[in-house]
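In structure tokens below, several structures.
Paired with chain B in one complex and with chain C in the other, chain A is shared by the two complexes that follow.
Entry: the complex of A and B
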């Protein structure tokens, strides 16, 4: 049965999966051009000076790729699933409701994580080509909150689509926008290094309302 | 006979509007059961409660022995549900939607689905979202039939279908039900189609049961009498053998579950001249309008 649900998700995402990945490659390309420009035209001393002393970030185009991927996957997964009360089709299938909904969310989250992994590996390789491993570590800590923002962005978008009542949609949207803004507000190197675990735990707050939104949808949105 | 569906004292409303007001009915195994009523009578609300998509304010529904708000996945395998407006996954093609659904149902019959869908003369790679409402109705019916369920619930199967597709839909459904003994609960606002289709029915109005039982018994016992207008007739209301009234400019139709003699005696007793009272033969649609009213 979960193979059938996976088949459904594959049908929805097979053609559009590559778009966020393309965005990652564009952002990585721009980062590479930035590093090469400073390293080869201005000089490696200036690159060290920019990165180590001026905290300059050459990969800030990666800041929104996870959020973009999250919005993209959530829209392509859940708009065809929820418009015209189609979520009822899922709830009538002979699978437990909770498992079916979280399976779909799991597939979408996996896609977001896959895109973030490609971005993280890509930026690590680019920085590693010009800088020592300590710099790579700092870069990854700088990017992690941006990638982490993909989780609330994805779950928040799913909630807004799935939730049947407009006031609830608005609340989910506002809370998600604020939290995503908090995670993507700065490009300062390693700014979130010591607070990342707390932010990661806070992302889990978006998991439970998915079940509640599904429940409310099933029961006609009133309770 | 065993009850496949059982609803007891069902009450529901939206705000101050009462939609279901103590609805009680049973659907027994086998045959086609019509849940009928005019627009806004509470048909879709009842279906939504039956399928657990709505929680009633009070009362209880049981479907295949399970409370409607908590039907187990294993039991849902035996319920084929046609959602209002034939909703399905628009992004899937005919081939893909068959492949998707077949994994959930152990008694799946691929041949039944493709037999019905092949008559549409559209490519099996055609997406559901690019099909007409009529074509989509056949795909959805094919999916429900291939599932081989014990119970089919068809919510407003006629919505958006022209007469050709309605006939096609009903022909397939009747043949299938006759062969397999499936129980069908359906709602529709096109009453003329149901005359040859349903065996038993419940007619609801403002959330209450007007008629419940076998359709042929209802048609045999429910009569219409037409009388020329008179002052005494204008004062007549429902009560006694008079179940419903339909007033026109020059004549009034009186409906009731009695013969001419009993009705004439009742009306005469009220001072209404009955010399010109005539029985009017009714089709099912006439009887439905007679009991529910035109407005």
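Entry: the complex of A and C
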């Protein structure tokens, strides 16, 4: 049965998967252009000086790619399911409700993680081409909260789509937006060095409420 | 499992509200508490300041604007020169306006300068350049088991230079790894003093590059406590290299044989206190600014205290705001701090003003009970009331929004349904 569910997710995401990936490549391209331009025009020493000592960020276009990917995948996965309450059909399959929903969420999250991995590897390669490993490390520390923001963004969007009642939708949406904003707020490079694990754990808070939304959806809650 | 999911949904809302609301409240009700900056007047031989009560001295005497400026001839040198009132001598010492300008040096170290992310790459400038001005180096160095210079041009290791500098440092007695480093890689400064490093044995070393060659000097100064930060300030006066900040002290590092001069501070906390050092031709003034008190010490040219003065910061308006904040929010999650450039996520202020918080929590509990009875015609469970006792307003919003497990909609829908029934 999970093979069938996987096939369903494949059908939903096989074409749209490339759009966030394209966005990542555009952002990486812009970062590469930024690094190359500074390296060429004012020199490699100034590039190092700007990044390492003046805290300039030449890769800020990557800031919202994870959030965009999360919204994109969540919308394409769950809007068709929840329109006309089709998701309730899923709950009549011989698969536990929880497993079915979290399987779908797992597929979406995997796509978000894949996009973030591509972005992380890409930015590491770009920075690594111009600067030493210390710079790569700090840049990854700076980008990781932006990528982490993809988790609450994806789960929060799923919650918003799945919740039957509008107040729930609004509150989950607002809470998610505020937390995502917090993770993408500009700080010094490497500012999350010590608090990153705590923020990562906080992102996991969004996992369980999906079960509540699914339960309410199954029961047919509405206004 | 659904119950756990509900708790998790409530946690999400409590977590985000605790992160956002106290900050918004603080901004909405912000009050400016600006304790005046203390200056030592060599003319009056006492401290003077400019606060909300105007310009006063440390004995409470009010000063006119002109008298205030005349009492600080070195600070207001330009004004006094323009007015033709710059004194020929101050406290019996002949002075000129040029000398006054040259002898003024200001250093400040705040917690945000200490708690700052480090990139791990540093630039060592040539201390004795061929030209008249300092020039940008073409490489940067990092510290590990040795010192490694990396060429910016091709991002490769300069082995020869790295070995040369590592050998020079080891020869001077440096023990890797370095614990702390301080320097100012800025070509706009008048000259270069290189870097000061604290090695694994807590000993202070001075590293410079002179005509391309390493010059590493063991200062022989060893610290009992971990060094938190080193501030280097190249100034024409060349009296001291900068400041070394440890867990409980701030030292001025003298150019005279690397002597460490301990600044007169009281219970210094590098994570909370700001230190200012202002020099003039006749005095040095050390100012320790904590969240509750401002303490100034005037020192003579031999760094001996000549006068002390302190005053409490008027926290009255801020305390009122904090109490009101505690009434609404039993705790907060701090994601911004005035004391660090790192991004925190810290649980703080839980029941900081217990009676105020208890009152707020009680209102939330009563409100929830009333709404719950109206909506479900029963009383809420004990754990919900317990949650409200801990989370207050956050919990109230979360419980109302998330609703009961067996209820399709939250309590917010009550009003809508009633209206529908009436319609």
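The criterion applied here is as follows: the second predicted complex is superposed on the first by the 220 of 223 C-alpha atoms of A that agree within 3 Å, B and C clash if a C-alpha of one lies under 4 Å from a C-alpha of the other, contacts with A are read in each partner's own complex, and residues count from 1 in each chain.
One rule holds for everything that comes next: a contact is a pair of C-beta atoms (placed from the backbone, for glycine too) under 8 Å apart; a residue touches a chain by one contact, two chains touch by 3 or more.
Owing to the predicted nature of the structure, the values given are computational and were not obtained by experimental measurement.
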Following superposition onto chain A, is the placement of chain B relative to chain C best described as a clash or a fit?
-> fit
Is it chain B or chain C that touches the larger share of residues in chain A?
-> C
So, does A:22 touch the first partner chain B, the second partner chain C, both, or neither?
-> neither
After superposition on the shared chain, which partner residues are touched by A:3: those of chain B (first), chain C (second), both, or neither?
-> first
Figure out whether A:211 sits in contact with chain B (first) or chain C (second), or with both, or with neither.
-> second
Determine, under the contact definition given at the top, whether A:11 touches first (chain B), second (chain C), both, or neither.
-> first
Which partner does A:219 reach: the first (chain B), the second (chain C), both, or neither?
-> both
With the two complexes superposed on chain A, say which partner A:93 touches: chain B (first), chain C (second), both, or neither.
-> first
Shortest C-alpha to C-alpha distance from chain B to chain C once the two structures are superposed, in angstrom?
-> 7
Could you tell me which stretches of chain A are touched by chain B in one complex and by chain C in the other?
-> 219-220, 222-223
Once bound in the complex, which stretches of chain B touch chain A?
-> 48, 51-55, 69, 73-74, 76-77, 79, 81, 83, 85, 87-92, 96, 99-101, 103-105
Mind pulling up the chain A residues that touch chain B in the complex?
-> 1, 3-4, 7-8, 11-12, 80-81, 84-86, 88-89, 91-96, 218-220, 222-223
In the complex, go through chain C and note every residue touching chain A.
-> 1-2, 4-9, 11-13, 15-17, 19-20, 116-121, 123, 136-138, 140, 142, 150, 152-153, 155, 185, 335, 341-345, 401-403, 405, 408-410, 412-413, 416
Sites on chain A touched by chain C in the complex = 43-49, 51-53, 98, 129-132, 134-135, 137-138, 145, 164-165, 167-168, 171-172, 175, 178-179, 182, 187-195, 198-199, 202, 205-212, 215-216, 219-223
